[in-house]
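Paired with subunit B in one complex and with subunit C in the other, subunit A is shared by the two complexes that follow.
Let's turn to the complex of A and B:
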């Protein structure tokens, strides 16, 4: 990386060319350093101040001393555990469904039917074009008027079953669609980086069955891209507000919004808390990826 | 759910016949998308052109008039502003980080960008309300409230949207900046080009697809954003996402419920046009990133 930068070793090897320019070498370099420092300083202020200010807001109410009470109150506020568990459950279910749908399909396309690749790409990218609010407008209409059209079919019960308040399957279905573009891109990059065909042929020649091949050969080799696909999906589900709130399900973000009216400090504390969780997940993910790189 | 078994049955017979059947593994995915994604889209299209049970263009006409038109223009203006400013600032930040000698700084900024580009929705709104809202920490500390400051308007939303847009741009543009080869700069310098000429004739043309792709991505993100706006401004800034939510919650005249679907169709068309620019660009820039 360093060699690619203007300040890398190559730049130092070519002082005549730099000196021949309109600006002398050391002067130009100093100017670049000042310019870069200014940008980084402004960025640091813009990105750090809201984080610090939010934390200050949660630990110090006007005319009161420092206290971490707001963070303690998170856990005792009505609905916290329930909504968080619901969101995590939805996240895990979404990850399972989206991987079960995409991985076999993408393997088959890569190994046997490469002609279908453009179709897969379009199908998996389309959800990016449709904003979640419009998607939920469509879903809402289906859920509202579907029962009228389906009254005489077995689907009639299904429409109600997927709206169970304790575990709204309809949200899992919607989130799989929202996650599809990210999962596709992540898996596509992962499959591109390993020689799938050789792996598959070697394993098949050695007598491995297809399930064995997928779970013992393909999955371990795709570990880091599966992990990043799962992380992105989990982050998406844990933060998704639009669809859940408009379909009236009490997921974690909807809960934060609900309590903000009566407990401003707690809702900001949860916001800070959720950023920390995301950060932690990403760190775990990148260290897992690094371990795999050094291992292979 | 039957996807793995599709792979198994497709290959269990072995030999040449598997070739013709392995496309079956893609069926569950395609069927799922057609049902869960396709049906609502068809419903949006169908519902848009239906009022009082008959075919009618009344919904779509209503969706491009009056308050709905104002909201649509507001959304496009906000998204365009965020996209262009976010892309510019994100590129400058990325360049500052890429050319830095401190590896640690680079790693830190890239990790932070990955996290912050996903930091949207409700928590983002609350973090900014706690900072610069009416009783925010910075508002109180600097006495901004008496100076007439308010976060709950168009510019406040832009400021907040940039908080996830700039990091997203950094994530998008860093690989492209890394791909600018040192040899190109040296070749330009050996031919007597100064820094400006290098960027004008080499750097920016190579980066253009990535930069435009970033602008499109940022536009799409800001255009579709709903949660942050709903938590921050409620209804005071006209935005099309807020209008759709309003209409879905029943805040429309009796019989005009399908206006929400018409507005959705408008949004999909605009987002689709913008994305149509993005996909070919992404393919073009991928060539340079190898």
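Let's turn to the complex of A and C:
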């Protein structure tokens, strides 16, 4: 599942930006082309060998012929649908919350208090620095805080409600914080590419209310950066293991880990399968972004 | 479409210690085009933004037709605005951009499109409705922005340096077009600019601002010919400062005696303010003056003439520039007209921040 953690998609997203550097002279160009090929080859080996190994493992056990049974079993193994749906649900909820939280906040900072921008940047980057194990230990402590005399209060009931096994809101809250750095980065890039202040003032001048101008003016012009923020968040949630496991929730990655003890082949097959899903999402996303660039 | 009367009363606005507006009073009559002119940081844009509702004055009121709109939110005001930077919505085509305000007001689509088409014809670009902003030139984008601002038939039009991002030729043609539209619609227009030529050529009246206060408001000819203060005199057009000496109601300057216009400073030694076109040059081998530099501008040429330890700028007809080539000895003569005087330059420079420099003379 390594490729599904935040580092995975980020590593795949960065190379195009690096490759766009200036090139001069035909000799130099050829040398650069050779180097490009070499680096591509190294990267390909680095990424493909584990994938091919995983795939081989799923289709050919010792003393057995080639078979795709493991992939067929994915869908029949108990808990697959439930955990995948839970993870996707958590992902969608996290995306909704994190975007509703950051977009208005970033707009407000840009338009009203630009001096606060560095502070906001630091706050949003902080989750990268805090190790997940520390984070989850903190969450656990908070969840276990509940003196008996509070038992009948709404506070206590809230603590219980957010730990509902069918939809643990506490995970959404935790993932929102984990996703902040990625969402902040992509929205910041998107907002930097348009003249937010002028667009907002033009829309206000034409009579638009704040919700109207956010949904009709800001969001359409941030489509690709909103899409990439959403994608990064989804990838993060689909791959997050530490927090979900330590809080004992059966999300998709936790489920894969659980079945790997009894059905090793199936668990690796699921990993390969979910990697394919993630790539598919990435493709859809980048083509959506490209369509927007040519359209506007 | 009728223009509204806009009044600014005692507007004050501070930005972290510096006053962008310092008690600005200005009345803009219904249907007139007024230009707010001044150096950067004089508060002209802040004043416009107070009318648009993007800026709240710390003190003072904005009245439109006698109604106080100071606290009315920007989206409830009846004023269309064209911005300095390109402000068309990149995700909408031109037709939808122009019709944006109508869409906000839930006007049915057919009516909206008809109105957008009407406006595109008004600005002379009837065929671009389906295009996107990035496919248009800068001048076209600003015209569309103008059409968009006019779509709701506002009673006030606000122009925030809309031409400053365009190249010279487009700028001139577009300012004529804006003026033509403004006159035919009779819409009250506030035009912010730092370009004096733009202000003088377009506006009914020009308001010169300095450090958040009104320095002078007058029609372009009066502003140029009879500036109320030395600041206006030097900001609008070019001005020579030549030392002179007060004698009663007259001033002796360069061997001539001219009547004084405006206030007299307290001291007899003054700087006399003279327009370059009021300086006449005659070639004269015996004279003290000598042409140093000549910059040819086609219809006119501006000459820099040395006279003792001062330098004087003179505008002469272009065809005279050959006769008055650099190195030529010339006699200087001033046109017999009342002149403006100010305290001599040392004292003025020291008191440049106060609105009435004359009182600071030692």
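Simple rule for what comes next: the second predicted complex is superposed on the first by the 243 of 296 C-alpha atoms of A that agree within 3 Å, B and C clash if a C-alpha of one lies under 4 Å from a C-alpha of the other, contacts with A are read in each partner's own complex, and residues count from 1 in each chain.
Everything below uses one rule, namely that a residue touches a chain if its C-beta (ideal position, glycine included) is under 8 Å from a C-beta of that chain, and two chains touch if they have at least 3 such contacts.
What you are looking at is a predicted structure, and each value in this text was computed from that prediction instead of being measured.
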First, second, both or neither for A:173, with subunit B first and subunit C second: first
Which of subunit B and subunit C A:126 touches, first, second, both or neither: first
If touched residues of subunit A are counted for subunit B and for subunit C, the larger one: B
Subunit B versus subunit C as contact partner of A:206, first or second or both or neither: second
First (subunit B), second (subunit C), both or neither touched by A:135: first
Subunit B versus subunit C as contact partner of A:198, first or second or both or neither: second
Which superposed partner A:157 touches (first subunit B, second subunit C, both, neither): neither
Touching partner for A:221 - first (subunit B), second (subunit C), both, neither: second
Which of subunit B and subunit C A:67 touches, first, second, both or neither: neither
Common interface residues of subunit A - those touching subunit B in one complex and subunit C in the other: none
Residues on subunit A engaged by subunit B in the complex (per definition of touch): 1-8, 10-11, 14, 17-18, 20-23, 28, 32, 35-36, 39-40, 43, 46-47, 49-51, 53-54, 56-58, 62, 97, 100-105, 107-109, 111-113, 116, 119-120, 123, 125-142, 173-174, 176-177, 180, 210-211, 214, 232, 235-236, 239-242, 245-246, 253, 256-257, 260, 264, 267-268, 270-272, 274-275, 278-279, 282-283, 286
List of subunit C residues in touch with subunit A within their complex: 52-54, 73-77, 79-81, 83, 85-91, 100-101, 104-105, 132, 134, 145, 148-149, 151-152
Complex interface listing, subunit A residues touching subunit C: 194-195, 198-199, 201-209, 212, 217, 220-221, 223, 295-296
Sites on subunit B touched by subunit A in the complex: 1, 3-4, 6-8, 10-12, 18-19, 22-26, 28-30, 32-33, 36-37, 39-41, 43-44, 47, 92-93, 96-101, 103, 105-106, 111-112, 114-116, 118-124, 126-132, 136-138, 140, 163, 166-167, 178, 180-182, 185-186, 189-190, 192, 194-195, 220, 223-224, 226-227, 230-231, 241, 244-245, 248-249, 260-261, 263-265, 267-268, 271-272, 275, 279
